[in-house]
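Chain naming follows the written order as A, B, C and D, and within any one chain the residues start at number 1.
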Amino acid sequence: MHRDLQLRFLRTMLRIRRVEERCIAFAETGEIRAHYHLYIGQEAAGTGASAALAPDDYVFTTHRNHGHVIAKGGDPGKVLAEIIGRSGGYLGGRGGTFHVAAPELGIPHTSAIVGGSLPIAAGVAFAVRRRKGQRATLAFFGDGTMEEGVFYETLNLAQLWRLPLVFFMENNSVSAAERAGRGSPTSEHAAKALSDVPRAFGVETATVDGTDVEAVFALVRRLLERVRSGEGPFFVESRTTRWPGNYGAFPKLVGGTTDIAWALDAASAPDGVRAWTMESDPVIAYAAKLLWHGAIDAAALRAIDAEVRGEVDRAARFALESPLPQAEALAGVG
Amino acid sequence: MSVEVRAPAATRTLKFAEALAEAVDEICAEDPRVVLIGARFTGHTPSAHVMEPVTRKHASRIVWPPISELAYCGVAVGAALAGLRPIVEMSTATFSYEAVPQIVNEAAVIAAMSGGRVRAPVVFHMLYGIRGGGGPQHSGSPQAWWWNSPGLQVAMPSSPADVKGLLRWAALRSEGPTVFMDHQRLMELEGPVPTGRHEIPFGQADVKRSGGDVTIVATSIQVSRALEAANRLAREDGIEVEVVDPRTLEPLDRATIFASVRKTGRVVVTDESHENAGVASGLAAIIAEECFDALRAPIRRVAIPPTPVPYAESLERALIPDTERLVAAVRALR
Amino acid sequence: MHRDLQLRFLRTMLRIRRVEERCIAFAETGEIRAHYHLYIGQEAAGTGASAALAPDDYVFTTHRNHGHVIAKGGDPGKVLAEIIGRSGGYLGGRGGTFHVAAPELGIPHTSAIVGGSLPIAAGVAFAVRRRKGQRATLAFFGDGTMEEGVFYETLNLAQLWRLPLVFFMENNSVSAAERAGRGSPTSEHAAKALSDVPRAFGVETATVDGTDVEAVFALVRRLLERVRSGEGPFFVESRTTRWPGNYGAFPKLVGGTTDIAWALDAASAPDGVRAWTMESDPVIAYAAKLLWHGAIDAAALRAIDAEVRGEVDRAARFALESPLPQAEALAGVG
Amino acid sequence: MSVEVRAPAATRTLKFAEALAEAVDEICAEDPRVVLIGARFTGHTPSAHVMEPVTRKHASRIVWPPISELAYCGVAVGAALAGLRPIVEMSTATFSYEAVPQIVNEAAVIAAMSGGRVRAPVVFHMLYGIRGGGGPQHSGSPQAWWWNSPGLQVAMPSSPADVKGLLRWAALRSEGPTVFMDHQRLMELEGPVPTGRHEIPFGQADVKRSGGDVTIVATSIQVSRALEAANRLAREDGIEVEVVDPRTLEPLDRATIFASVRKTGRVVVTDESHENAGVASGLAAIIAEECFDALRAPIRRVAIPPTPVPYAESLERALIPDTERLVAAVRALR
């Protein structure tokens, strides 16, 4: 893999991590008023998949959208401003953390209803196909979405109509040991392996370790070629392991902010996140890999991290300084 | 059943179903962005067949979806986001219950969330009301729910001219999502329809009959019933009833309604949805709030009593807000 | 198989056939006012499955319910009275043809919404299981139901909770040649074989020729034992071939009423139904089989048919003489 | 926030959430037929934890369903048919949109269809309203839809005593299905709760404050806001406001409402659903119809303007029907 791309992956994943950590700070200071969802632990999936997309391809996401928007090129300042409900946000603060979208980046609308985005994504793909366009659509969604009927309705319809759509399911509750497998670890779905289900609909499926950014990128790039040539929808199961801070409705920074030095020695991570950092952290793992392969050295890594932290500091400042939206923002959209 | 409409220069007499079919035909012909998801606009009514030449002619513009209301309504929303102008034909309105999440919680909120930058110009067409032998599950009238859901436009045409004019406007000009509700029993109604590209922008009520004694604000099929009642009341009681048809609930032409109420001081509101928090209640509440000083009698509602609609004709009859009940309501005002 | 049981099967199937034929007559005379659905061609499925059930087992059905209610022991008079909306019907005419149910026979409620009955059936099974009861629940539904999301939600939930429930899917659009197979002949479902889908959820499935009453009976009896012993839900695909009169929304008696003599020579059936009678008619096929095996002779067959016809004549008379329900029937159920 | 309720002999002061939890605890203890499908009655509110001891104590009475609202509501209906008394806890009310077909078109019609022979005593509990940062998809107030759907009872308690008394009655005594709506922001409200098995039969409005000048008919959280407004108006304007709380919309205690209106002649109706065809409209329409002669001023509605609820606090504030708006509405009546 080309080094530029590798560094881009690393930077994007770090950017997501730092933005998400900032959200926890914003929740602590009351800037985020209600519960919210973070992408920590899934950065490689969103980053790898989005890197394979063309700039004008469509992306759909969920309540857990921050990372997807940033991976698609979203400006961290506008993302954070949206998350805290400011007029400088992508939607002027009307959508908030559950709904970050960026129409100008091919993310026209984000639903926070489980399964809500899926048929809309299929509709966009349907429009593209009718016009014989080349734009692909990729829909991120969680394993829980496979408990909702709309998933099956959409899958069936997408397969019947051979829509140019990647169903990118993020199974974020897989243990580290099982991540390379395909079994279903949930107590809420009866399937032994979730990807058996789309296959029963005739949809081709692939399972990927969602903490491996290069693997995700390679898989999605290959599928997108086939999608663009009309081979119909595909289903991807991206398997990640839940970050300990993500249990419960209000994320907690259990081990403090990520210290990039953990890439040199993951065992130095604090108690609450040590095992997860060693086995399941896609950012630390990738930084470690690039170090190991000599793509970067420790100093370069620190420099990149410092750069990203600076960028996200500026983004947070932008968000905080962005004015509250005023009632006029509600006008004329009835 | 036949309704007098003040006719512009050139008109022909068409059935409601024919005018509807003509509108669909023209819409498809004039705008290549239009796609039909389902196309049984005329249901199982005696005039069902008038759609046949239209669906044959525009077969390439029609997709017939699986029985997946939630997904195909979402597909329509997505297609609209991507630049198509989809019309979803859902058949019996109760089937739309399956799609409430996509209609109310996606289509309706998109424009507001993006400050109007993203728009979903989609039409959800459905056949509502007590059609005769539909029983408790196929006689539903959900118009009040749509009106209660901000971000949706709601059209309820009462005549052949109006169904054509309103559907053309919704499909070709509207920037927002529309729920378009035709009563199953209107299909046979005859009336004059202007030749040419007759369009009626939303938000323009129509005085279907002038009169100085009592105002009946009536939607959809209730307009025919109100006109019958008016004729009877003129003949038998010398009461001159003015019949005001809002044509669209959202946007609502309050001025025309208020002008009539201020003139007569006596009002009956009627709609074939259930009484409690139904459309008649919604209209009555607005009038009670805005025209109080003009009122000289209680605002009477004629709607479906709060009972699920039974199957037997003898029981159905007890619930239909028919001419008889309108006559009685007007008489009770004096 | 015991001859008594065989004769019971024959009688039940004939009873269903004669009731359904009577419905067409009722539609022609306007007693049935709207569209309706007949079970002709599927009699063996309902009869065989119900015969395996205990009297207090639960059955759920659909818009196409007449045959299921009769098979469960329903009185043809009360069924026909319900179908034409009379007070002597099982629901006093409140439900009508879409909703025939018979609480006293373990059919508490019939939904005419595609998929509407399924979760309710699961709920009944859930209650039985919680109370450690022995009653089984069998839910009949059509292949079209597998286009609705609620099917998957219910399947998943039933399997997770190991509910004592038989999902009895009637695929009534299979060609005669393919009936013994398992492929999916629909253009509305993407699965190559519909039963692949439940299997992906870990649910055991079986496919059966739904025109073979003894095969259906044997299969369901076996599954019910396993259901009662807590082995969880099962999925059956019963494959039948559409009766030519059942195309379109309004059934037509394309070949006149069934002549039991066709059992002696199916080729003597009239043009419109000859091929179907020869290859796919479960009633004629079973009569022919019993004749062939000597379980009955032609005279006995004619006598049984005459008896059933007499019974259904009386039932029709009962229905027609049953009074129209009066408005009091609506009281007190809010 | 604290509300004065005329207290019977023995009471304790409890938070709304505590009274709710106590009710659930008692209900489970007293009736073995009760089963809970989901049990997060207190949502993500600050008082969420008060349910913990209850869910631990009654763990065997709780099933945690997959994210399948449509199916699990149907399961509850079926379980009720089979003799259990299920309470479904749906969390955010907008999730109930997924289950509209089962709530409105199954649960609600069963008793009517069978003439009351079959009953589905199920409680659908949900947390509605502008909770703060819920954004357009998690701030929904669908109460008007339920009220518009005959066959459903609708409860909207406003105080700790009422939530306990009404929930007990719904769960233990009701024969029909109930939608039970708690406002997310009521959970912290404190008030006296009678000791013992406090129950409030449906259909009994409560005068929460007496006054002779103006009537505010207020539901749920609007009662607190109305009481605050009343105190301010008494202090600042010398206006004595009577606050009438219907407690249940269906059945509705018209007599108590009418008596107050006839006494004061001036009415504000308020509910936190959207204005058009919302609950405030439904109540206003009834009053306009039945109390016209007593009215001395227009009936003012204070509800959510017809705009999807935005995320930013500054925008939310513009929509909440708060004390300020109630005070202004009352002042405008004079």
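By our rule, a residue touches a chain if its C-beta (ideal position, glycine included) is under 8 Å from a C-beta of that chain, and two chains touch if they have at least 3 such contacts.
Computed from a predicted model, the values in this text were never measured in an experiment.
Engineer: Counting contact pairs per chain pair, which pair wins?
Structural biologist: Of all chain pairs, the one joined by the most C-beta contacts is B-D.
Engineer: Would you kindly say which chain has the C-alpha centre located farthest from the C-alpha centre of chain D?
Structural biologist: Centroid comparison gives C as the farthest chain from chain D.
Engineer: From the C-alpha centre of chain A to that of chain C, how far is it in Å?
Structural biologist: That pair's centroid distance is 48 Å.
Engineer: CA centre of chain B versus CA centre of chain C: separation in Å?
Structural biologist: Spacing between the chain centres: roughly 38 Å.
Engineer: What is the distance, in whole Å, between the centres of chain C and chain D, each centre taken as the mean of its C-alpha atoms?
Structural biologist: The computed centroid separation for chain C versus chain D comes out at 43 Å.
Engineer: On chain D, where are the residues touching two or more other chains?
Structural biologist: Chain D, residues with two or more chain partners: 66, 68, 70-71, 94, 98, 101, 105, 112-113, 135-137, 150-151, 250, 306-307, 310.
Engineer: Which residues of chain C are in contact with two or more other chains?
Structural biologist: 94-95, 99, 111, 113, 116, 147-150, 153, 156, 160, 188-189, 329-330, 333-334
Engineer: Quick one: which bits of chain C touch chain A in the complex? Just the residue numbers, please.
Structural biologist: 147-153, 155-156, 159-160, 187-192, 196-197, 199-203
Engineer: In the complex, go through chain A and note every residue touching chain D.
Structural biologist: Answer in residue numbers: 32-35, 85-87, 93-99, 111-114, 116, 144-145, 147-149, 188-189, 249-250, 324-327, 329-330, 333-334.
Engineer: In their complex, what parts of chain A are in touch with chain B?
Structural biologist: 58, 91-92, 94-95, 99, 101, 103, 108-109, 111, 113, 116, 118-128, 130-131, 149-150, 153-154, 156-157, 160-161, 329-330, 332-334
Engineer: In their complex, what parts of chain B are in touch with chain A?
Structural biologist: Residue positions touching the partner: 35, 63, 65-66, 68, 70-84, 86, 101-102, 105-106, 110-118, 150-151, 176, 250-251.
Engineer: Going by the contact rule at the top, pick out the chain B residues touching chain C in the complex.
Structural biologist: 44, 66-68, 70-71, 94-95, 98, 131-138, 306-307, 310-315, 318-319
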